[in-house]
């Protein structure tokens, strides 16, 4: 602790740092008191505790959605370029401030639940099947994976990654889907952002009917 | 507003150096993967709910308090100059990001527009668990609902429906209970007026044991 | 049953696994690993080439004295039977399709092949999921309480429920979800001898000449016995005293006795040695 730095009394009039490179950011509108759109968005996003869609942001700021979207992307790029400790990202259907991954080591000393239990292979595979097939019955997931998935599905539900989604009209089987939390964990805007399954999968026309037959064979209690 | 750090005794051996260089204030460190001090501070403050004091920030970033303080002031000045929608302010107990006062009109409109007067389904369910299990820890509520309830609990508290109720003697976990305001909203005079659950319940025998088991399962890292 | 690595958070109904240095979850996982191990493409050839090893691993599993979940064991058996069929077909002089049985075999092969490819696709996507999740883990969302002056602006909250409805909601939330499977963890697996089971099968088949797997296992008290009978059947097949056929894929597995009317049938006791590092076999 023998650093040469004094315990500097905080200077109330600390001058603006002339070396700061970020003076050209387009945030300041310069038009009197009225804040710029970018500043208004920043202010709103400061108080949200869940992702906010650009449509709602457009309503509140009374600006066209396209303009709002452009401003959001502009801010996000601005933070990235400046290497700020936070980033603005579209996740799970909306925009939200996140701490930057490179700063994770510091943040995690404050955010206690930062370390989430790792998912097993079994859980990840089951999650993948649910994600691409939702809404899907447990029996169907079992048939695709070739193993009983009851335990894994329970784990996924208790982790808030999968939830019930009504029941199948014909069979009455409970159906499952992925949650918003799943999107957040993967950093996806929506399920439509999932990588294409097709490159990994040949044409499997008719396979589902066959799997249904297998469902009946193997899913019997 | 800003004052000398009262927690840190000035080191008499060190010469005062009013010209402490602020090379860490610029956010972009440019030094490889390691984030700059300013970026680390931004990351921490962006995700921490409570104000954080500079001494704690200095500990976590392993930098002298004076340097941290200078960086914080540098960031605050930077945001002010750029007219960002957020500001970094020292309040009682430490530093925190706030929405900027000049953007208040937008933020208020958002809060009023965006947050419906009606509670979400998730919030209602969480409230129900708190009401019938109070005083109860957040972990227990999470275990019962099967999802993380931190955000929802915050909402319930900010809506004045739930409040803190001391801490558990054994685990030290914070406990929560419903408020008088909650009872009023429900038209009841006391918690004892909540309708009995029994007629609605199939059989709760053994539920608590199961929940304890769940607690153990989900609390594991 | 294993190091528990695939089921670290799964306490009930832990998946059925087979050892091959690593832990496998399900027949497709095992098959794909075997194919990868031999640096084969996923083709029909690969399927028939890895058949022996696949069967060997089922054997090794049973030798471990592990408990078998019937639902999961079934999948292994279905795949094993299909693989055996494929292998048998390749041993035939020609690959020509000249009767319904061959057609059914082709269909079974295609189905197995398609399921294997489908499973592989999800396995690959699961890897992408894992990468995304770990990339995402370093980012933390801002999720803070409302600044006090803003919280004061919030309109009076509307519960929208009366006390009775609220109680009903609470009851529903507090009711434990039905547990979909019954834990068998408390059951001890009795020791089962494949050789003994083979003797039972020989008696039954000599009497009836033909039978089905379903009938042959109808008196089995538990999954372990079913598996032991299946393994015994494989042994008998190896001894050349039974043949299998399956009219439709996943349909009834028919067993026909082709051995002698009497005399000893030599079934090895390789399954019946001392259980290996079994933790759940009380012995």
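In order of appearance the chains are A, B and C, and numbering begins at 1 in each one.
Here is the rule we use: a residue touches a chain if its C-beta (ideal position, glycine included) is under 8 Å from a C-beta of that chain, and two chains touch if they have at least 3 such contacts.
Since this is a predicted model, take the numbers as computed values, not measurements.
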item: Greatest separation from subunit A - chain, by CA centre; value: C
item: Chain closest to the middle [Cα centroid of all protein chains]; value: A
item: Pair joined by the larger number of C-beta contacts - B-C, A-C; value: A-C
item: Where subunit A and subunit B are represented by their mean Cα positions, the distance between them in whole Å; value: 20
item: Whole-Å gap between the CA centroids of subunit B and subunit C; value: 46
item: Where subunit A and subunit C are represented by their mean Cα positions, the distance between them in whole Å; value: 34
item: Where subunit B touches two or more other chains, by residue; value: 46-48, 97-99, 107, 111, 150-151, 154, 217, 220
item: Interface hub residues of subunit C, defined as touching at least two other chains; value: 9, 11, 140-147, 150
item: Residues of subunit B that touch subunit A when the two form their complex; value: 1-5, 8-11, 14-18, 20, 22, 25-30, 33-36, 38-44, 46-48, 52, 60-61, 64-67, 69-70, 73-74, 77-78, 81-86, 97-100, 102-104, 106-107, 109-111, 113-114, 146-148, 150-151, 154-155, 214, 217-218, 220-221
item: Contact footprint of subunit C on subunit B as seen in their complex; value: 46-49, 97-99, 107-108, 111-112, 115, 117-119, 124-125, 128-129, 131-133, 144-145, 150-151, 154, 157-161, 185-188, 193-197, 200-202, 204, 207, 210, 217, 220
item: Residues of subunit C that touch subunit A when the two form their complex; value: 5-16, 25-29, 69, 71-72, 74-75, 78-79, 111, 114-115, 117-130, 132-133, 135-147, 150, 180-181, 249-250
item: Sites on subunit C touched by subunit B in the complex; value: 9, 11, 140-147, 150-151, 153-164, 166-176
